[in-house]
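Two complexes, one shared chain (chain A), two partners (chain B, chain C).
This part shows the complex of A and B:
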């Protein structure tokens, strides 16, 4: 069981690295979808394959929302605004990919220093959750297209979700569902905002929005 | 020092050109052709050894020394790599660094002799080769460092002997990452397809082929031989990780390693038939990705 959780964690890290290194927005959306599905399976794996109707429904909701609904929304947004790939991010792809493992090392150190109130399932989970949050933040600050920033936001939320998943036993699933609803609304709103930015300015480069006066 | 281990080097010298044959046969099967004979690389090398060499007036002794020193360096590197049931001929602390830099010496001599011709075209190839190998080297060394940390040894033979089926049981993610990174390094260092196309002679896309354009006869034979040996060498390190059979029965270990090499050649052939060459600008990204995988494996092992 320990090994399967570790494998999921390594998959998450690899997907984060892919997000850091890929320029095609379509592929990034697919990677985020895969990450959502992986995270959906995580609660089932953590609770050791015991069939529990509430847990199964929760898992299905996560997979449905993060694996299917968000990516569909984002693909539509991508098609509408006609943005195929991220052009010239603030920090290049090569540097981002190398920054990834270094950030992971920092997160590992952080995870080992952090005293936890209760036992967690695997020592890997904490650092990976931190790392996912950091990757999300990194994507938000280093990319120019609004769409990539929305992806970064989802990745950030994935990190928080992983964090909560490990610390929480079954009780706060309700809280988790609440967060999920917030994120859903946020992604929905951001999709609309991106569409409007694009219709108004013919592009979704957020750094060019700083000089709105004209 | 284990004298019987000289068999590793003999095996490498005897079987390395066969890897090329298997790769080419796999590609031929995919394309629906009959393909070259499996032993074609041996025929090519023996044909080249019977020919005379042509030297340009602008070249110096560096050009003539390049292929021979390169071949000798790669051959010397084979004594540090264990294969199948046999440990390496020489094993001392830190020998994996020596192995890597023997390969580095071979590359350095190839680059020097390419520059010695004075052709700007070969200089371009040399520049590309050095750039890509500089990116591939950290990936390989960090991966080896991760294995050293995992097994607690810093010599190649005990390092590879320390990996067995049980370690795949509890450190599967780290070992898989290292295996993947080494595979990318193997493809890059041997100029196989996502990085370089060994068949092409199209000017702008070549990396390795362009550096050896001026070599002829026995020199070219040495170059081809050392490139097959290099494939064999990196392949046997990779196979030591992903086919870790250490039963103690010599025959079983060696046969499973040989089957692993056969499988590796087939996989390379399949990749060459199904993938296209990457654009030159994307190759560094691929190699940086491999480095990231190695660092990730090291972090996993260190925790």
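This part shows the complex of A and C:
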């Protein structure tokens, strides 16, 4: 079982690294969708294929939301964007890609310093979760387009969710569903705001949203 | 009772989306606010039963914060009637760059306001930290459309910043929740649930390093929402661009809710014997916030932004008071009440000024007393109240906190605190007094008719209440405040 968990973790890391280097918004949306689906499978793998109706439903909800609904929503928000469909980074792709492995090394070190006090499914989970969170934050601050910031937010949430999966049984279902619902509505509202930004300004570059100062 | 508190605003929100007639919807809005505050009032005399296995329960801190929210919302609903009426007639032209814009439909605006009330109510009654998180994030989502009421580019920019910064902040608080779950897990035996009562009861069994890390994430996450510097960057934009009624609710009710979330985690740390750690962090963030706010108030040219930075300052004072603890915890709780009342009042009056002068630049506003006399008087009274002049309530609460600092021999902190308050007093008096006095600029028509009972009575009543609390604290409130202070480690 450990093997398949580790495989998923490696996949997550690779997808994060891809996001750092990709320039096309459309491809980014697809990679984030793939990451969501991978995460959706994670709870089933962690619990070793034992059929549990609650877990299966939860998994299905995540796959549906992160793999299908979010990409559709974001593609819809992007549909009318006239500007070039490029993520337009503040920090170049080259530098981003180099920063990735460095951050991963820091996360590995951090993971070894903060041992979990419970039986852990795989020692990879903690560092990978931290790395995903860091990538999400990096994407939010280093990209101009509002849409790529939303993608960064989803990646950040994926990282937190990976960490939460370690504690899958510790959270009551009500809370899990509440979290999912909130994230869904958040991305939904962000999609609508992007739509408005686009209509108001004819662009979605957040660095040009700068009339409000001190 | 608790279900009723949550359901009344939700049902009213749903109804207001269906109702087509504006006046009928406004009546529904005010009556929902009245019902909510009526229920809250009853909760003071008979404690409502806990429901959902103790997940939803009104304890002393919850009741205090719920009451503040409810009272402020009632005042806001009354003010909103006049405001929405005015907005309907108003020409929709941007006064800064002359472009035309539309407003968010009134039905959606009122529905979002009611949903906002419902989510804040859940924050105050939830005892489960996971549920608390869900409700906190829901407040962000309910308020985003409110900030974008005037659909022009500046409010859109403010909405985007608010949505993104707060969502990321709250996501970090979620990580704090997971860390707390790790701290509460046991290798053998039953894990502690994330219910506040369980966590406090089994405080000494929690894993300390993870607990500390959890508090850090809570403080940074919810602190973003509460507006603690340097995490407050969304706050001035959102407060200055949203309609005054929304600014009043954001400042007086929403920031408090985030503060309550931090208090809950502080309660857990205190139970685990780690209050020193959380207190010192609260003091550091509190001091940074008041100093930061003082710097930005000093050169402020926009009076709504000035009020927003003043909120950052007062949130800093709250964090500082709770961090100093002891008698200062009581002072901080009194300060929560007084700040909400005063800030609500000031934002309502700022709305009146904006309607009359059509500018947010404080240098272009002169002679309020001559143009809109009642608002002018309230503006001056609000100034005296917010900077902490006696006999207003804020004087009493700020004084209590300062006294506790000296009693605990934290002279350095006390001196910094008093010096910054003095600086803020000076810079605010320049702005406020210049606006109230002098000769009104040409081209402002005498608008005697623009002051109605709807936009004068709510701020006046809030002002009178904080004045009363400065002179006399009713015994029932005194008991309640002491109880809350005890819950958060003071007395």
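Everything that follows uses one rule, which is that the second predicted complex is superposed on the first by the 200 of 214 C-alpha atoms of A that agree within 3 Å, B and C clash if a C-alpha of one lies under 4 Å from a C-alpha of the other, contacts with A are read in each partner's own complex, and residues count from 1 in each chain.
As a convention for this text, a contact is a pair of C-beta atoms (placed from the backbone, for glycine too) under 8 Å apart; a residue touches a chain by one contact, two chains touch by 3 or more.
Note that the structure is a prediction, hence the values are computed from the model and not measured.
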Which superposed partner A:135 touches (first chain B, second chain C, both, neither): neither
First, second, both or neither for A:154, with chain B first and chain C second: neither
Partner chain in contact with A:124 - chain B first, chain C second, else both or neither: first
Per-residue contact with chain A, leading partner among chain C and chain B: C
Interfacial residue positions of chain C with respect to chain A in the complex: 128, 130-131, 133-134, 137-138, 140-141, 144-145, 148, 151-154, 156-161, 163-164, 167-168, 171, 174-175, 178, 181-185, 187, 191, 207, 209-210, 213, 236-237, 240-241, 296, 299, 305
Touching residues on chain A, where the partner in the complex is chain B: 3, 6-7, 9-10, 13-14, 17, 21, 93-94, 97-98, 100-102, 104-105, 108, 112, 123-124, 127
In the complex, chain B residues that touch chain A: 169-170, 172-173, 177, 284-285, 288-289, 291-293, 295-296, 299-300, 302-303
Interface residues, chain A side, partner chain C - complex: 114, 116-119, 133, 137, 140, 146, 149, 153, 156-157, 160, 163-164, 166-167, 170-172, 174-175, 178-179, 181-182, 185-186, 189-190, 193, 196-197, 200-201, 206, 209-212, 214
